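Heads up, the next two complexes both have subunit A, just with different partners, subunit B and then subunit C.
Coming up: the complex of A and B.
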């Protein structure tokens, strides 16, 4: 062991089999947590006194909204790593996360619309929270389109990394929009500094689905990064020699 | 269990369309992502000649 460091795993040849061993565990974890969370959320948690059962949309809406922001931040982190250290794997991870981040953003907006209609009387309002989340979707889509438009993968990585980093400014704007501006959207559901205002079954269900969404995103990103590695390193000797990719 | 019957569960206190609309579309989107990844992998597998020698990955 000449140089034991995290950089060892920055090599696609080392990370590829590791990701292949890890993703099924995260997939199973995601399925188990989702079943537990939805069981509690849909069957055990009490009906909300103010919103009736429409509030049960929260068990997807909040986890999806959290994941849409978290994935963007992780993407921006990989973007920074790829710009600073020029590691190939960081750029590949950044690419692998974008479609799943976009998916969670769409889910957050869609479930929000279906929740807004019965509770606010509107599918959509141009308040700061909703608008900044919509901008997040455009950032994801812009990133994906940019990656697809540039043929040279190294240049596509650099351009994408810049977009990911600059766009990260939007994430705190989304998060704090409900306190900075007077929004129709309600404030944070969960705060580390306040006592919870929801029934504990509701919080348990929401957190379980959140961890399920997190595990799902990890599993999908690991699976997708393997496909990206295969796409890009088809000519590499280690890829030619190994049949592990099956 | 907060429900007395299946139909009560499906009705979601009158908000069934909204609640199930949210859950169904989410499930469909996740399914599309998984199927799309699977077909991408199949396409890559088809590109590669079968019976490649089984060696451990380099390093």
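Coming up: the complex of A and C.
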């Protein structure tokens, strides 16, 4: 037996049961954290002096926006892994993450619109961050459309990985060009380098919901990657054994 | 004769023999740009305000129009396979093909754009900036679209797919190109916009041929 390494889990046969054991835990964690975070955010946190109670949508909006960007980065990371090491599982993970990323992008845009209506007086403004979030959604949709259009899974994976990487390289360029184009969005309220400008309960709630969103993303990605593995490896001996065993 | 020059000549010759490809894109550009005044009204100040953006979007779409077929004919008759097998570096040959396509489809757009600009009542200095921006920007659009064209080679619905995949990446070009004309109209000077467009062009000229070559290898595995 060779020495165990992380690459052991790059095999779908090994990862499949691991993902099966892990995803329920992440799902439960996500539900618990979301309930705690929303309870603090919606009931405990103080009402904002300027924005009233309308601001409370940020407890969904900000985590969703963070996750939408993070998932794209993770997706691009898996894309790079799959192109460099030629690991099938990386491509499957990339594919499993895309719909969740698109979902969080839609949630961020939607809650942003709900927040913008009472606060800015408009559902939508062509502000830099809103626009780049919208373009991020287009990037996700392009990725998903390309993957869906290619029947051969190998080619779909490699083509999707290339598009994800090209998109990731372009994201900073898009972001800066859009920022330069127009900006209205308030500056970031949360920074690691200076004291937060928000009440502690707000930070706590936001972080809790963020971790909830994170756990949800992990859970759903693992769940989805199991389906992808099951779909692609149905001819494999280990899959037939395991499905007979159940 | 170097293979690159040969490839460039061949593509240009093919385009010359079948002129409809280039003229279709050009016609599309002119028609789209002429539709907007009909839709939004003939108010001169409004037209001058939206002119740069409309012309740029039209040019962007017209450039994308012919690109899905960039490698299709070569794939059908087996030329692409020979290119993949040839001893010459694939990125360089890809570059030649993109250059030929730009000369055929992109360059005419840049030359027609000032006429459309006049329709929108743009002053002379803005027209010059418009052409300069298009000359710098349309090659970037071609390069990015070539990635999409290579990835979607031989797929059903390839044309629309290329647009969906590539258009979000064209946002900076659009912002900088149309922004350059707007800045001139507002008396701010377009140098910053054009410099950034030029910088983007250099970056994409250097990086994209390799990506396209890689995408072609994926598509023809």
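Definition applied: the second predicted complex is superposed on the first by the 228 of 246 C-alpha atoms of A that agree within 3 Å, B and C clash if a C-alpha of one lies under 4 Å from a C-alpha of the other, contacts with A are read in each partner's own complex, and residues count from 1 in each chain.
One rule holds in what follows: a residue touches a chain if its C-beta (ideal position, glycine included) is under 8 Å from a C-beta of that chain, and two chains touch if they have at least 3 such contacts.
Owing to the predicted nature of the structure, the values given are computational and were not obtained by experimental measurement.
Of the two partner chains, neither subunit B nor subunit C is touched by A:35. When the shared chain is aligned, subunit C comes close enough to touch A:141, but subunit B does not. If you count the residues of subunit A touched by subunit B and by subunit C, you find the higher number for B. When the two structures are aligned on the shared chain, A:154 is found in touch with subunit C, with no touch to subunit B. In the superposed model, A:216 lies in contact with subunit B only, and not with subunit C. Once the two complexes are laid over each other on the shared chain, residue contacts for A:43 go to subunit B alone; subunit C is not touched. In the superposition on chain A, contact of A:122 is made with neither subunit B nor subunit C.
In the superposition on chain A, A:181 makes contact with subunit C only, while subunit B stays out of contact range. By the touch criterion defined above, A:238 lies against subunit B but remains apart from subunit C after alignment on the C-alpha atoms of chain A.
Shared interface residues of subunit A, touching subunit B in one complex and subunit C in the other, do not exist. Of all residues in subunit B, those touching subunit A in their complex are 1-3, 9, 12-15, 18-19, 21-23, 25-26, 29-30, 33-34, 37, 40-41, 44-45, 47-48, 52-59. Residues of subunit C touching subunit A in their complex: 147, 151-152, 155-157, 161, 164-169, 171-172, 175-176, 179, 196, 200, 211, 214-215, 218-219, 221. Interface residues of subunit A, counted against subunit C in their complex, comprise 135, 138-139, 141-143, 145-146, 149-150, 154-155, 158-159, 162-163, 166-167, 170, 173-174, 176-178, 180-181.
Against subunit B, the residues of subunit A that register as touching in their complex are 11, 13-14, 16-17, 42-47, 52-54, 56-57, 60-61, 64, 99-100, 103, 106-107, 110-111, 114-115, 117-118, 216, 220, 223-224, 227, 230-231, 234, 237-238, 240-246.
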